[in-house]
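Letters are used for the chains, namely A, B, C and D, taken in the order the chains are written, and counting of residues starts over at 1 for each.
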Amino acid sequence: MGSVLTRDVLVKWAPLLVLIVLILFFAAMEPRFFSVRNFARIGISSAPALMVAIGVTFIIIMGSIDLSMEGTVSVCAVVFAFAFIAMGGTLASFAWLALPLALLVGAAVGLLNGLVHVKLKIPSFMASLAMGFVGTGFALLLTGGDRIRVEDDLFRGLLTTRWFNFPIMCYVAVAFLLIAWFIQTRTTLGRNFYAVGGGEDLAHASGLNVNKVRILGFTLAGVFYAVGALLAVGRIGIAETATGSNFMFVSITSVVVGGTALWGGIGGVWNTLIGVLIVNVINNGMVVIGLPGYVQDGVLGVLVIAAVVLSTDRKSVTFVK
Amino acid sequence: MSFIKKFIEQETVNRRNFLLASAYGLGGVAAAGVFGPGMAQAASNPTVAWSYRNRTNPYWNEIVSGGEAFMDAAGLGKDALTHLINEGSSEKSLADVKALLAKTSGNLALAIDTNDAPNCRPVVEAVAEAGGYVSTIWNKTDDLHPWDFGDNYVSHMTWSDEGPAEQTARILLEAMGGKGGVVHLGGIASNNPAIERLNGLKNALKDYPDVELLAAEPADWDTQKANQVMSAFLTRYGDEITGVHCANDTIAYGVLEALRAEGIDDMPIVSYDGNPQAVGLVDEGKILATVFTNPHWGGGITAALAYHAAIGTFKPSDEPNEHREFYGPTILITPKDAAEFKANYLDNVPTYDWTDFWGPTNGQIMYK
Amino acid sequence: MYELRKVDKKFPGVHALKAIDFQIGRGEIVGLVGENGAGKSTLMKVIYGAYQADGGDITIDGTKVRFQNPRQAMDHGIGMVFQEQSLITNLTVMENIFLGFEQQFVSFGVINWKDMAQAARNQLAKVKLDIDPATVTSRLSFAQRQLVELAKVLTLEERVDGDLVILLDEPTSVLAREEVELLFSLVRDLTSRASFIFVSHRMDEVLELSDRIYVMKDGEVVDVVAQAEANVDDIQHKMVGREVDKEYYREQKQKPYRKEAPLVSFKDVSHGARYQNISFDLHPGEVLCLVGTEGSGREAVLRTVFGLETPTAGTVSLKGQDVTRFNAQNGVAAGVGYVPRERKVEGIVGGMNVYENMTLSQMGNYSKNGVLRISEEKSLARDWIDRLSIKTPSEYKDCGGLSGGNQQKVVLAKWRSGGSDIILLDHPTRGLDIGAKEDVYDMVRDMSDDGAGIILVADTLEEAIGLSHTIIVLKDGIEQIRYDCEPGNKPSLFDLVHHMI
Amino acid sequence: MSFERIKPHLPWITLLALVAIVGIADANFLRPANLIAMAADIVPLFIMALGMTFAIYIGGIDLSAQSVANMTTVVATVTLPLFGVGAALVCILSGFVLGAVSGYVTTKLLVPSFISTLAIGGVAFSAAQYLSGQRALFMDAELRDATFGWMTGSSFGIPHEIFIGAFLVLVTWFLQTRTTFGRALKAVGAGEPAAVAAGLDVAKIKIMAFAVSGLLAAVAGLLFSVKLSGGSPTLANGFLLPAIVAVLVGGTPLTGGVGGVINTLIGTLIVAVIRSSMLYFEVDATKQQMVFGLVLIAAIALTIDRTKLRIVK
C-alpha cells in the first residue's frame, strides 16, 4: 500500500510542485521576479482570470464545457458599468446595487446558457460557443461600441487600496475562492457536479435530476463570470465589449493545467487556483526575464504541455481525445 | 412593421433588377453581367458602405461617426450607410465585400480598411471588376496603387506615424530629463502603424544618448494585455523605468492602471490616436502627448471620396497622384493645447466640408 | 402487495410487453427469466419507473400508481440494483449511497459529513460490509461495490413508509462463487424487510434463490413456477420454446487436440503483481480454460497473449516466434483474435455496420494500397451472416443495434474470417441467452475442429468444465493445479472451487 | 415520411431553406454569379474546416489550425522566391509536421487535444512571427502569377478555388469512405477501445488524423496567401471559430465517429449563407454578432442528429 499512497500523494500535489518549480526557475533567471511587489502584480492579473476559471471548473467537473465566458463577462461588465453610473457613480450611493445586479445578470446569462444546452439538447461545446457569440453581440448592442469609464475611487479601491502589499481585489478573489470551495465540498450541488461528471447515466438512474444540476451549474458559473467581470472592470476602470476577450482559452487552459480533467469528475477549485497561477506566472515570468515577444506564444505552449503532462494523473486515463 | 415595408420595397426593386437582367439576357449581354466584369455604372444611388474592424474600439467608432456625418450631410441619411464588420478577419472582410458587390450589382461606393495589408489587393480587384468605387485607409501593400485601376480605386489614405510618434517621443524624452529608461508597448507586432510608431521612438532616441530603450513588447492594441505587460515591466526594470511610450491610447489606459496599482502617478507617458478619453487625460496631465489623426474626418472623407467618384462628381483618373495616395492629417496634442483642442474637435465636432477632399491632407505617400 | 395487471408497452415496430400480469408478495423473492429480447429489461424498466406503461394498471397494496421517473418509483419503495457497475467511482461510498438524497444531511445549505458517514455506516451494516464510508469507490473490489449498491437501495427502508421491492439485475455476473453465496444469504436475511425481484441468466442461481419464477418469452409471461416444482430443463424449454440439447456444452463433440507444435507457449511468464511464473502450451484444436476468481490473473494472461500487456519476466512465443514487442498489432498479425468481455465497448464498434466491424481487424486483406475493396467486404459479411446465422436485416445494419448474441457472432466472425487461429475468449457468453450461448458453444467446437487454439475465461465453472481440454486454476496470480479434461473424465465443480479459494 | 427518416437530411435541408429565405428577401442573392462567388470565397475557410473535420471525427479538436494557416501564409511568401512551386511543398509539409506533433502530444503524452493543439498553435504563431520579422509581407505579383496563378484564375466563369475545394472534398471523401485509414478513423471515433482490441494502431491513426488536419490548415493558409498575394502572422485570424462552427453545424458532433467531410461541405455553406444574409437583411452593425449566435443555435439545434449522442454533455 505504501507505494500506492506515495503515488497518490504525488499526483495530488504535482500541480503545486510544477508551480513552485516555475517560480524557482524564473527567480533564478531574474531575482527581481521573486518579490512581494511582483507577486502582487501576478495576483492582480490572476484575480479576474481565477474567477472565470472557477466558474468553468464546475462545468468541466460535470464533464461538459463552457465557451461562453467571454460573452458573459462582457455583458456583466457593461451592465454593471451602466447601472453603476446611472445610480450615482459611486459606491457611497445606491450605485452599490449595481454589484449584486451584475451577479444577477451573470446568473441569468448562465441560466439561459444552461437552458439552451439542456432543453434544446445541444452539446455544451456548441451551445456555449454560440451563446458566447450572443453574449458578446449583446454587450456590443448595449454599448454601441463605446467604453464606459468607472472612475469611482471607492470602487477602484479594489486595485488601489492595499492590505499587506496586496490590493483588495486579491482578497475578494480569495474570498470567492473560499465560497467556491465551500460549494464544492459542503453543498449538495457541489457534490452533484462530481456525480454527474463521474457517471451521468448512473447519477440519473440514482434519481438525481441531472438536467437540473447541469442548469444550476451553468447558472453558478455565470455568477462567477460576473465576479470576474467586476474584478476586470476594477482592474482597468473600463467596461467595454472587449472586457471578456481572451478569457476563454486562458481559463480553460488554466483549469486543465491545474489538474482538473476535461472528461469530468476529477479536480476542483484549488487545482484551478494553481492552474491560474501557473499560467500567470509563466506570462509574467516570460516578460520579466526579457524573452522576446515573438517567442512568448510558443514558449507558453511548450510550458503548458509540460505542465499538463506533469500534473495529470495519467494512470487513471486510458485514452485522451 | 417597417420590416414588411422594407421587404416589399426591396421586392419591387429586385423585380426591376431581375427584369433588367433578363432584358440584357435577351440581348446577349447578360453573360457579361452575370459572369464577366460589371458594366459601366449608372451614376445614380450607389450603396455607400464602410468596412472596418469592429465596434469595440473607440477609434473605429470615430471612423463610423464620420461616415455617418457624411451620409447626413450628403442628404442620404446615416441609416443608409452599410456597415461591414470583419472582426479582425481578412477572410470575412473580403467575403463581405464580395457579397455586397453581388447584392448591389457593383453599384457601390466602398470605404474600407482591409484589416491586413495583403487583403487590400483582392478587395480592390473585386471592386474594380464589379465596377464599384473603393477608397482605402491604413492597410495596403506598397506595390498596389490607385492609378493602376483607372477610376475604380479612388484613393488610399494612411497616416505617416513615424514623424508624429517621434514628436511625442521627444516630448517624453524631454520630460524624462534626457536620461533614464523608456519602455515601449506596441500594437500587434506585424501591423504597419505599430512598426512605424516604434520607429518614431527609435529615431528620437538617437538624439538622447542617455536614455536607454529598456524593452519593446507588443500589447496588441489591447488595454488588458498592456496592463499585464506593464506590470511585468515594472518587475523587471522597477525604478529604471522613467518613461513609457505607448503605441496608442488604449494601451496607455492599461499602462496607467498598472502604474496606478503601484501608486505611481507621475510617470511620463505618451500615446497616440487622440481618443476623447485620452485627450481628457492629456488635459489632466496624466498623458503628456497624444496624436490626433482625426478619425471622424477620415471616416467621412473616405466615404465621400468613394461616393463622389461613384456619382461622377469628379473623375479620379483626372486627379494627380497626390490626390490618390496621401497622408491623413495629424495633430499633436499636449497639455497646453488639450483644452482648446477638446473644445474645437471633441465637444463640438466641427462641421466639415465633405467635398473638400484634400484640404487637410499631408501630401503624397512616400515609399521607402 | 405489488402488482402489475395487463401491462402493455409498445415501441415503434415492437410490442415489447403484451398484457403482463405480475405480482410479488411481502418478503418474497421472485425470479424473472427469459431469453434476451423476451422483455425482461423492459418489464424491469416499467417497474422502476424508467418507462411508462402504455396500458394496464400498476398497483401497490391495491392503490393505483403511475411513475414518471425512477425517482417517483423510489418514493414508493421500489429500488433497483443495476447490472454491471452503477456506482460512480470518483465519489465516496457514502456519497454514492445517498446520491440524490443528500437533503436529509443538509442544514442551511451545508452538508453534514459526519451525519452522512454515520448513516452510511448503518446502511453498510445491513449488508455486513465493514468499510470506511469515506473511501473512494474506485478503491473497492467488485464484490464490495455490489454490496454497496445493495446498501444504497436499502436506504429506501428509512425513506419510505411501507414495503420495499428491490430489483436485482444480474447481480452475480461479476462475482465469484463464494461472493455469490454471501450475497444470497444476505438477500435471504433481508426478506424480512423487502421483497426481491431477481433477474439472472444463471438458471441455477435463479432456482436456488427464488420462491417463484416468472418465465418470459416474446413479451409475455409464459409460465410462473414455484421453486419446488422448478427444474432447469423445463424452464429452459419454456424460455426457448424448443428442446434444449441435453448435451449443453457439446461434450460429445469434443475431440482430442493435436499434440503438435504449440500455437502459444508461456515459459515462466510473470507480470508484476498480477501473475507469476505461468507456463503452458496451447496446441491446435485445444480449448484451454483459465479458472479463478476476479483478479486471479486470468484476464491479465489473456491480455498478455494478445499483446495488450507487457510481461515483466519470462518468454512468450506465438507459433514458435518469441514475442519481443507486445502490442495488439503484432498479436493480430500472429493470428491472435481477442473476444473481450466488454462486448459493447471493446468487441464491436457501435455506429459501424456489420461488414465494417467484421473487417476491422483485417482491413489489409481487403484493401490495396490503403484503398478498400468494399464489395468484397460485403460479400464476406453476407457469407458469415449465413454461416453463423447472424440475425440482421443486412450487412448494412449498425452493429450497436444487434442483440448481444449476434454482436458476439460478429466479433467471432471478425477473427475467424481473418484466419485467426489463436482465439482468446473472455466471458464469451456473458449476458447471452440460452439459444445464443449454444450457438457460441457450437462455434467453439467448430473452431477447435478447424485446428484453432482457444484460451477461454468462462462465464461459469460449468461452462469451463464442459468446454475445455485443459483447465488451469489460478489463485492470486499463481497456478494452483492443472486438469486434463477428456470427455467423461472431467473435474467436478467442487474440485475447481476448492483450488480457487 | 416520418421525422426520423428526415433527420439525417436535415443539414442540407437547412441549407436550402436558408438559401431560399435569403433568396426571397433579395433575388440578387440567387444569381449564379453571386452564388459561385460566395462559394469561391469560402474555399480557404472550407479547406480548414475540412481538416478540422478529421480532428473532430475522432472526438478531438484542432485549435492550432488558424495559427498553422497564419504560419503558412508567411512560409509561402518567404519561400516563394526561393523554391517556386516547392514553396507549396514546404507549407504542406510544415502543416503536416505540426499537426503530427499535436497528435503525438495528444496520444502519447495524454494531453487533451483542446490544450495540446492550442499550445502547438502558440508554437506555430511564434514561428510565423519570427519568420515574418513581425510585419506583413507581400508576394511579387509576377512570380505569384507564374507559380500559383492557376489557383486563383477562373475557367468557364468558375473560379479555380472551387475546383480546388471540390478536388479536396473528393480526395478527403475518398479517404474517409474508401480507405483503411478512413475506416480506422471511424472505428477510433465511434469506439476507441474496440479499435484497440481489433489490433488497430490507434495512436498512429490519431496522430495521422491531426496531421491531416494540420496539412489541410496549411493548404488553406497557402491558398489564402496566394489569393491575397502576401503573408502575415495574423492574416488568417478569424478562421478558427467559423471553421469549427462549420464542422459542427454540418452535423459532425464532438463525440466522434459521426458526420464527415460532406457534412462539413454543407456546414461551411450554411455558415457562408448566414454570413451573407446579414447583408441581405441589412442587420444593424451592432446586432450582427448577436444575430449570428442566435441563428447558429437554431441551425445547430436543427442539424445535429441526437440519436447518435448517448449523453448530451
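Operating definition for what follows: contacts are C-beta pairs under 8 Å (C-beta built on N, C-alpha and C of every residue); 3 or more make two chains touch, one makes a residue touch a chain.
A quick note: this is a predicted structure, and the numbers were derived from the prediction, not measured.
Shared contact partners of chain A and chain B, listed by label: D. With centres computed as the average of Cα coordinates, no chain lies farther from chain C than B.
Comparing chain pairs A-C and A-D by the number of C-beta pairs in contact, the larger count belongs to A-D.
Chain centres here are Cα means. That of chain A falls 43 Å from that of chain C. Averaging C-alpha coordinates per chain places the centre of chain A 29 Å away from that of chain D. If you average the CA atoms of chain B and of chain D, the two centres end up 31 Å from each other. A straight line joining the Cα centres of chain B and chain C is 70 Å long.
Counting partners per residue, chain C has no residue that reaches two or more other chains.
Counting partner chains per residue, chain A has residues 140, 144-145, 293-294 touching two or more of them.
Shared interface positions of chain D, i.e. residues touching 2 or more other chains, are given as 129, 134, 193, 286, 288-289. According to the touch criterion at the top of this document, the contacting chain pairs are A-B, A-C, A-D, B-D, C-D.
Remark: chain D residues 58-60, 63, 105-107, 109-116, 118-127, 129-130, 134, 192-193, 202, 241, 244-245, 248, 253-256, 286-294, 296-297, 300-301, 304, 306, 309-313 touch chain A in the complex. The residues of chain B lying in touch with chain D in their complex are 6-7, 10, 14-15, 17-18, 21, 33-36, 55, 64, 82-92, 94-96, 98-100, 102-103, 105, 116-119, 121-122, 139, 141-143, 188-192, 195, 218. Listing the residues of chain B that touch chain A in their complex gives 54-58, 60-61, 64, 189, 215-218, 222-225, 227-229, 231-236, 238, 253-254, 257-258, 260-263, 277. Chain A contributes residues 182, 186-188, 191-192, 194-195, 197-199, 202-209, 265-266 to its touches with chain C in the complex.
Residues 62-65, 71, 116-118, 120-127, 129-138, 140-141, 144-145, 200-201, 249, 252-253, 256-257, 262, 264, 293-302, 304-305, 308-309, 312, 314, 317-321 of chain A are the ones that touch chain D when the two sit in their complex.
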